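Here come two complexes built around chain A, the first alongside chain B, the second alongside chain C.
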Partner chain A sequence: MADLTAFSYHPGRSFLHLLDVRFKIIFLILISLTGMQADPPALCLLTFLFLCLIKSSRLSLISILKELRYFLVLLFFVLIARALSTPGTPVFEFKLLSISRQGLYDGILICWRLALVVLLGLIFVSTTRPSEIRTAVAWFLKPFPFIPGKKVATMIGLIMRFVPVILAQAKETSDAQRARGIENRKNPIYRLVKLAVPLIFKTFQNANNLAVAMEARCYSENRTDPDLSSKKNDWIAFFFVICLCILVVEI
Partner chain B sequence: MNQAEQLRMMVYASLLAALTAAGAYIAIPIGPIPIVLQNLFIFLTGLLLGSKWGVASVAVYLLAGASGLPVFAGGTGGLGRLLGPTGGYLLGYLPAVYLIGFISEKMNHRRFYDALAVVCGTIIIYACGIAWLKTITGMTLTKTLAVGMYPFLPGDVLKIVAAVIIAKSLRPVIGQR
Partner chain C sequence: MNIIEIRGLSHRFSDGTLGLDAIDIEIKEGEFIVIAGRNGSGKTTLLRHLNGLLRPQTGSVKLAGISVSEDFVRARQMVGMVFQDADSQIIGETVYDDVAFGPENLRLERSEVQQRVSMALEAGGLIDLADHRPHLLSGGEKRRLAIAGILAMKPRVIVFDEPFSNLDYPGVKQVLEQILTLHQAGHTILITTHDLEKVLAHADRLVIMQKGKIVRDGLPNKIVTETEAFGVRQPCTSRLGLEIGSWLI
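Our next item is the complex of A and B:
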């Protein structure tokens, strides 16, 4: 799991940790949606707020930036694409390339918005237990008649359990094949098939064992999940987030 | 479908969703661009699970990612990824898997039609991905295709062929059908 959740849940007792998960998910959605339409002054406000939240929940800014490095590369690419393809007054010209003022402005705006939304997601994940997220998802799906919320929650739990197993298995399989000189084979289809078949075969065997084990332990959908309870603080935070969203849209 | 069968399909669907999540990290280093296995597993989800459970599997994967669990490439999750530049490809998985499962089931898993189904699925994934990438970056269509599709096509051809072979050899393992 090392690669996958280098940035996972960090235990703590800060304000964000203690908020109810359901509220946090609502906040996440509200702020993400309004943030996508925010203008520079509102973006400054949001950035400042997020930095305060990171500070107060004792997360390290450096490790967050490290975690986001691939995404930042992607954003940089979006910025370049925007700057090169939008017509307008040129700021910088070199042969066929010209960077326009409008393009640069647009690009920075879009990248800033996306970066903030992803940052918010990271803050959320690192202050919330995966099991709580699962329970909250089930809670939100309850009103929909055709979606079995509990089943979905179980499946999400299973995914999180399987991923490290699969990664370990993949490493083992590819090591075993390297030891047998698979690198001499230049045919990529051969290599794809020879990696994927044993990998999936073994993980399916594991999954079969798991299904049998769940059945033997009388798995049913009526399980005891972590308790979700909303307190006064949650409603106060809710009020502030609504105000913040209105403010962000208005600015 | 009885209770045990249901439970087994549910575990399988979660497993393929987990493979998709892990697939972003498993790469085979051939040529300049390493071949990432993520969409190979998306194809297999459709081919092995069929339309109904395939869609369930991908939907749960996207839901897990949208609610913030780190299952997308790069280790981050959250709505930001679905709204971000590459979000279109992720959302395109959903109709793609449905179509792959549907065609493959209707044609009784014959090899040629399996390949056809996967090709259709790939087209859908790129249609969604390119459309969204174009809106976000504001590039022209030719430019978007040049960065968002052409570099990956050779790898995709390999993955399509591999997916059909793998599906054929794994169907007996999964049991039914």
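Our next item is the complex of A and C:
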């Protein structure tokens, strides 16, 4: 269970840690949207900037790469699919398979953009307390009368809290079934059903226990939320992010 | 002064099983009570009536003279409950957030929340782990976090449901030490267990339950020899005719 550390808050007092969470969410959206249209020079600029942010936030680049290892595998498949499916000058041919120069270029560009968006998300989550994210979500949803912002925020918080617990439970159930020889069963549907049924049962049981524990601690939607206040640094950062987005689109 | 007064309390589950059968008990402020009994004897059902998680079907539960049913928020603030499975009690995404959950629900000022969280983390020896994620803590640390989450609500009574289950020896000692510190600080302590060995040396009173009824209630050294008739193992030292020893010595 201890290895489930992806996308978690890392305490600190860096510039990013101290920024108002609402600004950080806006930055995340703006940079992600512009980054998805960026060309190689702009991507180089964003990569350099993100590396500087990682360093200044005292996050470990190696552990970040480790946390993104499964995503990197996914990106590799995206690259291969793009390289094989885009027509153009072939750089490698084997029977019916042909990898084109344009396909490789497009694949690398898409993977680079996706990797930067995920990296930005990881930097955001690593430098922001989950309770602040929850409060900011409720704050952004306040103007929408038909969306219960506080409920949505609580649900997000509980999902963030419970995903690792559900994963750990899945591993425990899977280990217990392997100990009784489920690997001898080759039918993947049979194995999936045998894993899903006890896992769902246990998850519902945990959810029920959690509801009782929340009730025992006087849970209500009207709670004391973390204070959100914007400072001078937030507005300076906002100015820089706007400039950065314009620069990324232009170059 | 009686902090808890239960009169004629009965509870029947939806499948028809009788969980509690006409329970009468009075608990004085500052008492340290161990409630023992085999699985399904009604221990947890009784505890869940103390803070209104279960509502009396017949009879009454009063806290410092006021019925639990009249004010559930008061009851839950007054009676803190540490559940058997610490994992399902921990709600926050970080240790700090989890301890703050109760005070935030009470809508206290932010400064008061911070002060209470610091006090509770200090009491639980968890200050250095404030920003850690709860599910990465050890079993003993999780149990201490569950206690800290309750302490931040400043309860007068603290109820522990099987507090030593799934803990190793150091974990049991840490939790036991913390329970004793809370008792010395003036909290009324109620512990349910079927393992008397670990805690009975510190208790003022032993209550034994069977089939939803209180079948014995008295000084631990007076009734400990009768426990095995009700499915609770008698501590080793007591079997040998010796005084029951503390796990902390």
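Definition applied: the second predicted complex is superposed on the first by the 183 of 251 C-alpha atoms of A that agree within 3 Å, B and C clash if a C-alpha of one lies under 4 Å from a C-alpha of the other, contacts with A are read in each partner's own complex, and residues count from 1 in each chain.
FYI, a contact is a pair of C-beta atoms (placed from the backbone, for glycine too) under 8 Å apart; a residue touches a chain by one contact, two chains touch by 3 or more.
Quantities reported herein were computed from a predicted structural model and do not represent experimental measurements.
J.: Would you check which partner chain A:V248 touches, where first means chain B only, second means chain C only, and both and neither mean what they say?
T.: In the superposed model, A:V248 contacts neither chain B nor chain C.
J.: Can A:P130 be said to touch chain B (first), chain C (second), both, or neither?
T.: So A:P130 meets both chain B and chain C here.
J.: First (chain B), second (chain C), both or neither: which does A:D227 touch?
T.: second
J.: Which of the two partners, first being chain B and second being chain C, lies in contact with A:L59: first, second, both, or neither?
T.: neither
J.: Quick check on the superposed pair: does A:L195 touch chain B, chain C, both, or neither? Answer first, second, both or neither.
T.: first
J.: State whether A:R217 touches chain B only (first), chain C only (second), both chains, or neither.
T.: Once the two structures are laid over each other on A, A:R217 reaches chain C alone.
J.: With the two complexes superposed on chain A, say which partner A:P11 touches: chain B (first), chain C (second), both, or neither.
T.: Touch partner of A:P11: chain C, not chain B.
J.: On chain A, which partner touches more residues: chain B or chain C?
T.: After superposition, B is the partner touching more of chain A.
J.: Who does A:L43 touch here: chain B (first), chain C (second), both, or neither?
T.: Neither partner.
J.: Just chain B (first), just chain C (second), both, or neither: which does A:M160 touch?
T.: A:M160 sits against chain B and chain C alike.
J.: Across the two complexes, what residues of chain A are contacted by chain B and by chain C?
T.: The answer is residues 4-5, 8, 130, 158, 160-161, 210, 214-215, 219 of chain A.
J.: Quick one: in the complex, what on chain C touches chain A?
T.: 51, 53, 73, 76-77, 81, 83, 85, 87-94, 97, 100-110, 113, 130-131, 133-136, 149-150, 153
J.: For the complex, which residues does chain B have touching chain A?
T.: On the chain B side, the touching residues are 4, 7-8, 10-15, 17-19, 21-22, 25-26, 28, 30-31, 35, 37, 40, 44, 56, 60-61, 63-64, 67-71, 73-81, 83-86, 136-140, 143, 147, 158-159, 161-162, 165-166, 169-170, 173-174.
J.: In their shared complex, at which residues does chain A touch chain B?
T.: The contact residues of chain A facing chain B are 3-8, 25, 28-29, 32, 36, 67-68, 70-71, 74-75, 77-78, 81-82, 85-86, 106, 110, 114, 117-122, 124-125, 128, 130, 133, 136-137, 151-152, 154-156, 158-163, 166-167, 170, 186, 188-189, 191-193, 195-197, 199-201, 203-204, 207-208, 210-211, 214-215, 219.
J.: Touching residues of chain A toward chain C in the complex: what are they?
T.: 1-2, 4-5, 8-9, 11, 129-131, 157-158, 160-161, 164-165, 168, 206, 209-210, 212-220, 222-227
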